[in-house]
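Look for chain A in each of the two complexes below; its partner is chain B in the first and chain C in the second.
Coming up: the complex of A and B.
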């Protein structure tokens, strides 16, 4: 785990505003505008009626704000064949998300635990290989996996997509937990062994309760990662389970006739809502997750 | 400590899923893909070995050439701008600015959002009829043009704008952690010597942050090769084939154009590119680990 940036005491902040500091704040202000612009535009567009969008200015605040577009996006926007809104995608994404996060963390933590504390022959080779393959693009696996799943009769289904997320989450999850368990004092593990605790007992009773901070980080990483996935859901979930990102793309990019930009932006915001909530709700934990996921190997 | 038989069995049983995934998915699937690239498989995989013919076809395929051309432009610009902006932001925040937490949240929040969301928002902002161009004109700049997204020769730059917006915050977070790790003594010594701040950054701090730069660059680069969602949601590869990318080429040829041989040849080419980028990095990390 790398050091996470900590705020510095305010007392050491220079008191006078020199020209250089004005320049500094100007730079931060202008870049902040670039970063905030899309969010602002999404929100105001989603609250405007179409007439106002056609005549008005992209940046203008809505004259007569209405949540009509939000209601339409949620309940009746068309995703290709059906017109039941993005809520279908939202529910699908939830059904994919919950088991995928739980199972990938379970398998990843167990693998990390076995690789860190138990001297299994070939463990280092397995771990090293997992870190290397994490870099391979999905395009290398997708077709063979489609064939394997259709051969086993699972085809495209909820179970398939959950397994797929577990598989592709395994390297990062293993890394996360292996490094954490390896940093714990080994005496703890030895004492449990002396007391006669077995492999799974130590895992469930001692290691996992101690790993709560890592579990939080893992939940954040997997939740945003799986919610934001597009390609895997598109290929493996099947028509009835398409996740929210895929449905959103269908709503926006397969419209016939005039596009309802307010509905599009409302649907986009709805799709971004959960990761945004996780991000703003978790604060520094999110940064910790990035740091942990970033430092592979 | 010697392991009892049951414990050893348990440890091995816990590693079975990982081992299975490793052998079947990562090694098995990759090998099969590489093998299929040497066959003339069309809609279904077959085993008619044709050597490197698919790769020859690939090199003569306009869409593939455009895809590779695009990903090089995107890769170079995206990685450079994200590193530059991310680093500058980290340095700016490191100057003990006010409201640091708020500023950091503003720069990092795009990273929590998906490429699909990113692509759709920027598609709307760059829309020439009602987007930024329209705003500029309504402000009195009658001749302002910002229609990159509908022009074939500039569409790829729109993907860069959106990508940099999404990923710069990640670089900032990595760099800020690196900067906060710099020893206070260095700053004190530089102050005593009367070195200007920018000189300290240029000659001392940046050379010290090699690991942060390498990590950020590798993370961004692996994202480049995988680039798919952004192209699909923002331009769907268009106008025409102007913003096609390799990952999309593979997907389209697998599932729409029923040309598995060509698609897997393209995928294998992607794999070789990734190895060329990642292998030196992993080697460097391993060497560094040994020396410690």
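Coming up: the complex of A and C.
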């Protein structure tokens, strides 16, 4: 018996790299370079001594790289009258950030949970309105809020700024969690009620454990938002609690004599470090969280 | 485990201006398996949710185990519930899903373990106790949901279309399992479904509902054999009951006249005295019999289509006046399209309905 080897049927896979694809990649590459360029300039400038910067070769790599400017920016740059570097601001920002993020997510998720159970006609219009409110520029609220806080005697303090961040974070946080909880089957809530769990027990033991992806999204949104805040911190935090962004502004804008570009760059990079770390560390989670909001379960 | 009866007295439920249930009365005996059957929107799930305490009532009373629970919290009613979408807690293992309610109630740990173990064994879940719901198949998930209800040792078990999300084969399997469970526990069970097969196979009694009203409350056999109106007749049974319009004639022997055919009604149990009136005759496909062509009571019909269904054959026929109906013959029926058949409609198997009100005559 002779077995003739038949060629297996195999459809040709289409070629991957068409000219259109090449064009696309080239575009992406150039765009990436364009957006990376300022970062590159900042990094190299921060590593150059002033003598090199004076020569004006903006794009050149440092000849004698040193981290002196970074150390100075962190420990001894002058932010107004004190010259203790930006580390004071970093600590202040942390002290504002941690309670603000925690409280705004806690309160926002709780209100979102409560509102997700409130399924009446017109609810969606109301939530749409809330979303719009979240986009009103908050400069509008500053003067009234200053009056309110001075009237209540709270004035400028760490507590004030934490409350301010919680209040301004509330619409976004509430909607984020409401939309997620509203996408869950109502029967889940009913089952927990039959099991005897109360309002807060269901929130803490059933709803929040399910909302992990939403919590990650909320942490990212709030962390970057609060860390990058300038005007609220300036107005409400008080002289002793000025956040890093305000301190950075003081370093960059209050110079006597020659402008220390390397120190400015280092201080700016230091300030941007935390949001950058958050994005790099959690990008995967962020996408997952957004997707989990779209697909229930 | 105590078994409670359920007593619903002139219950009223409405959402805004919409009345869903009005003056509904229902008594469920202890250890009874009652099925609420009806099309979607008939109020059966609303009724079940009201018994569970998950929606507020507008009027009337609900008593469970002799206790007025109209305004009691769900957990205080002595009920357990199984939902259509399983409603398992996704971040908890099977074991924790089943023990959650007991933990909330502060049951001692040994007692929780004993009950969970017992329910798991009954539902063949022992090997799955440490899995998450997402790692289970649909049938396993619903078994966990049933297990979660069982550990509560409730007086009444409520099922809200528990098999609707499963495929046909699993549905049949789990149906048997629920029936076995009821036989073993003889617990009171109230079961909502739109599937008449589930209702017929599981129930001690069926309440057929439409438009928020219980149309008929009776044993499956009675519901199937003697539907009280056309709605019940058409909703229960598959393939569906045939309806043939015509009129009742009381001259001489009472008969039903449909076109050129006259069917003898001798042996039909009329509810009142028969009168000459327009009516609709209902007959189930399996009650129509083949007969000899010289039978004086024979109805002659032409075969339009033959549907082999495996165990038997469904044959679609047309009368001379154009009315179509189906009848069931055994699997090796030899009819072909276009054949002419002589058929008999036995009077005791018929249902007659008033043409306008649809009520049984």
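In this text, the second predicted complex is superposed on the first by the 244 of 297 C-alpha atoms of A that agree within 3 Å, B and C clash if a C-alpha of one lies under 4 Å from a C-alpha of the other, contacts with A are read in each partner's own complex, and residues count from 1 in each chain.
Basically, contacts are C-beta pairs under 8 Å (C-beta built on N, C-alpha and C of every residue); 3 or more make two chains touch, one makes a residue touch a chain.
Please read all numbers here as calculations on a predicted model, not as lab measurements.
Once chain A of one complex is fitted onto chain A of the other, the partner contacts of A:129 are limited to chain B, with no touch recorded for chain C.
In the superposition on chain A, A:193 makes contact with both chain B and chain C.
Of the two partner chains, chain B is the only one that A:275 touches; chain C does not reach it. Once chain A of one complex is fitted onto chain A of the other, the partner contacts of A:209 are limited to chain C, with no touch recorded for chain B. Within the superposed three-chain model, A:101 lies out of touch with both chain B and chain C [touch as defined at top]. In the superposition on chain A, A:144 contacts chain B only, with no contact to chain C.
If you count the residues of chain A touched by chain B and by chain C, you find the higher number for B.
Legend: residue contacts after superposition of the two complexes on their common chain; A:185 is shown touching chain C, with no touch to chain B. Counting contacts as defined above, chain A residues 190, 193, 297 meet chain B in one complex and chain C in the other.
Of all residues in chain C, those touching chain A in their complex are 49, 52, 54, 73-75, 79-81, 83-85, 87-92, 100-101, 104-105, 148, 152, 160.
Listing the residues of chain B that touch chain A in their complex gives 1, 3, 6-8, 10-12, 14-15, 17-19, 21-22, 24-30, 32-33, 36, 45, 85, 88-89, 92-93, 95-98, 100-101, 103, 105-118, 120-125, 130-132, 134-135, 138, 165, 168-170, 173-174, 176-177, 179-181, 215-216, 219, 222, 225-226, 228-229, 232-233, 236, 246-247, 250-251, 254-255, 260, 263-264, 266-268, 270-271, 274, 278, 282, 285-286. Across the complex, chain C is touched by residues 185, 187-188, 190-197, 201, 205-206, 209-210, 297 of chain A.
Only residues 2-8, 10, 12-14, 21, 24-25, 27-28, 31-32, 34-39, 41-42, 45, 53-54, 57-59, 107, 110-111, 113-115, 118-120, 123, 126, 129-133, 135-145, 147-148, 167, 170, 174, 190, 193, 198-200, 203, 224, 227-231, 235, 245, 248-249, 252-253, 261, 264-265, 268, 271-272, 275-276, 278-280, 286-287, 290-291, 294-295, 297 of chain A touch chain B when the two sit together in their complex.
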